[in-house]
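Going by the order they are written in, the chains are A, B, C and D; count residues from 1 in each one.
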Amino acid sequence: MSVSPKEVVHHMMQKDAFSRWLGIEILELKEGYAKTRMTVRADMMNGLGVAHGGIAFSLADSTFAFACNNRNVLSLAIDTSINFVKPVKPKDVLTAEAIEVHDGKSSGLYQVIIKNQDNKEVAFFKGVCFRTGKSVI
Amino acid sequence: MSVSPKEVVHHMMQKDAFSRWLGIEILELKEGYAKTRMTVRADMMNGLGVAHGGIAFSLADSTFAFACNNRNVLSLAIDTSINFVKPVKPKDVLTAEAIEVHDGKSSGLYQVIIKNQDNKEVAFFKGVCFRTGKSVI
Amino acid sequence: MSVSPKEVVHHMMQKDAFSRWLGIEILELKEGYAKTRMTVRADMMNGLGVAHGGIAFSLADSTFAFACNNRNVLSLAIDTSINFVKPVKPKDVLTAEAIEVHDGKSSGLYQVIIKNQDNKEVAFFKGVCFRTGKSVI
Amino acid sequence: MSVSPKEVVHHMMQKDAFSRWLGIEILELKEGYAKTRMTVRADMMNGLGVAHGGIAFSLADSTFAFACNNRNVLSLAIDTSINFVKPVKPKDVLTAEAIEVHDGKSSGLYQVIIKNQDNKEVAFFKGVCFRTGKSVI
């Protein structure tokens, strides 16, 4: 019996302590696709008065993982990159959308776009994963 | 009067709530260089039983920021990428070393290597920053 | 008097010996946008029987340059990356489309998608440029 | 009977029409390592008066391929990135050195540094390859 994207991601989220610390909510899931949301807090700031780059990265990386694993094929991130185009501040509400650019047999390529509450893009993430052939659940 | 790398990074760390949550310690600072350490905790795990990719990224990104800003020239990350080569687990002690590959007038290029307590490389980070011309302090 | 995207790119193409060697044609130009085409030849192969990765990269890089310079603001590539998802062979006709993801004051972010004659994506390119403030013409 | 790095790369170079057009020479080969050289020509210029970014990329990509395939394990580039830190001009003699950062079972990570005749670094390349399990020869 096949396992749905929701079941896979629900299983992942139960164990994902750091995504819970970040306050990530799942908004939408489809095969190879995920949409999430989180609210930036004061304890996520860096030393230059804006949100730490690791916050947007972590949101993007979780959303990438929810997209690339959700056919129940365990997929490990090999290479990820992120470009920051707009500062993120406390109380900003970030929405991340992961789109499958390429679904290969042994690897996959995903793009994650993060926008703020004003629908302005704040960061662009790219993730390459390796398909292990194992199942997540 | 000039400001030392230590003064700049001390100033940054005081405001850097997220680096403190991560438990990042500064081990060494020189112009364009920084070395840091942190211990991975259970609340940093992801849904696949290993440390969330955002943890190693955040450690690298902080170390990159401590290196590229420490001449007291405010520098903003434009593009960063990370490759994960070994899983990270709770209680792992990660050491990150940021080296200045290129110190340009308007941009800089840095490499950060993260190793675990067994001196094994776990991740390779690359960061490009833009020099704003403003000072940090 | 302002200079049009066509005038800027025409000026660039006249001096661009390598793009001419590649056989790159300009299909469409708008501010921050460019679309190009080239046909892969036998002298573009690598040692593994497919087109050299440098061919798709060079097509993408030219198209990126035609897009990011065409407001007559001289812009230099700082960081570029490319993901290869499908092999390219001799006689393939490649179309490259450069889209402006972010147009910042001091930097810009562009995505270039390369497709073959079957409308299949073969490579995804990302380019970050630095705006020098000088003009191209 | 095992095949040496030299035999693998010699086999690759015989078919590598584009590396020959570039004038790439092999200087040194070891398992997972390659060092090459080429001289920049006028027909390699771009529209802004310097060598086309595709030239340094192609040199790096060839050197990466010679390093990552030379244990006679066919390896395909998945993700590559390059940072340009110094302009390249006609008659420049570029030396590229590919170092194996990580040699994994299913993937490998390599860094290629390109220097000019004054021993100045002009570009930094990173390549991730997928190990197909097939042999090159």
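Note that in this section a residue touches a chain if its C-beta (ideal position, glycine included) is under 8 Å from a C-beta of that chain, and two chains touch if they have at least 3 such contacts.
Remember, it's a predicted structure, so these values are computed and weren't measured experimentally.
Colleague: Return the chain whose centre of C-alpha atoms lies at maximal distance from the corresponding centre of subunit A.
Modeller: D
Colleague: Comparing C-D against B-D, which pair counts more contacting C-beta pairs?
Modeller: C-D
Colleague: Please tell me the distance, in whole Å, between the geometric centres of subunit B and subunit C computed from their C-alpha atoms.
Modeller: Result: the chain centres lie 33 Å from each other.
Colleague: Using CA atom averages as chain centres, what separation in Å is found between subunit B and subunit D?
Modeller: Measuring from centre to centre gives 29 Å for this pair.
Colleague: Can you work out the whole-Å distance between the CA centroids of subunit C and subunit D?
Modeller: It comes to 21 Å between the two C-alpha centres.
Colleague: For subunit C, which residues are shared contacts with two or more other chains?
Modeller: Touching at least two other chains: 78-79, 81, 83, 128.
Colleague: Across the complex, what residues on subunit A touch subunit C?
Modeller: It comes out as residues 81, 83, 85, 101-102, 104, 109, 121, 124, 126, 128.
Colleague: Along subunit A, where are the residues that touch subunit B in the complex?
Modeller: Against subunit B, the touching part of subunit A is residues 9, 11-19, 21-22, 42-49, 51-55, 57-59, 61-62, 65, 69, 74, 76-84, 136.
Colleague: Please output the residues of subunit A touching subunit D within their complex, sorted ascending.
Modeller: It is residues 78-79, 81, 106-107, 128, 130 of subunit A that touch subunit D.
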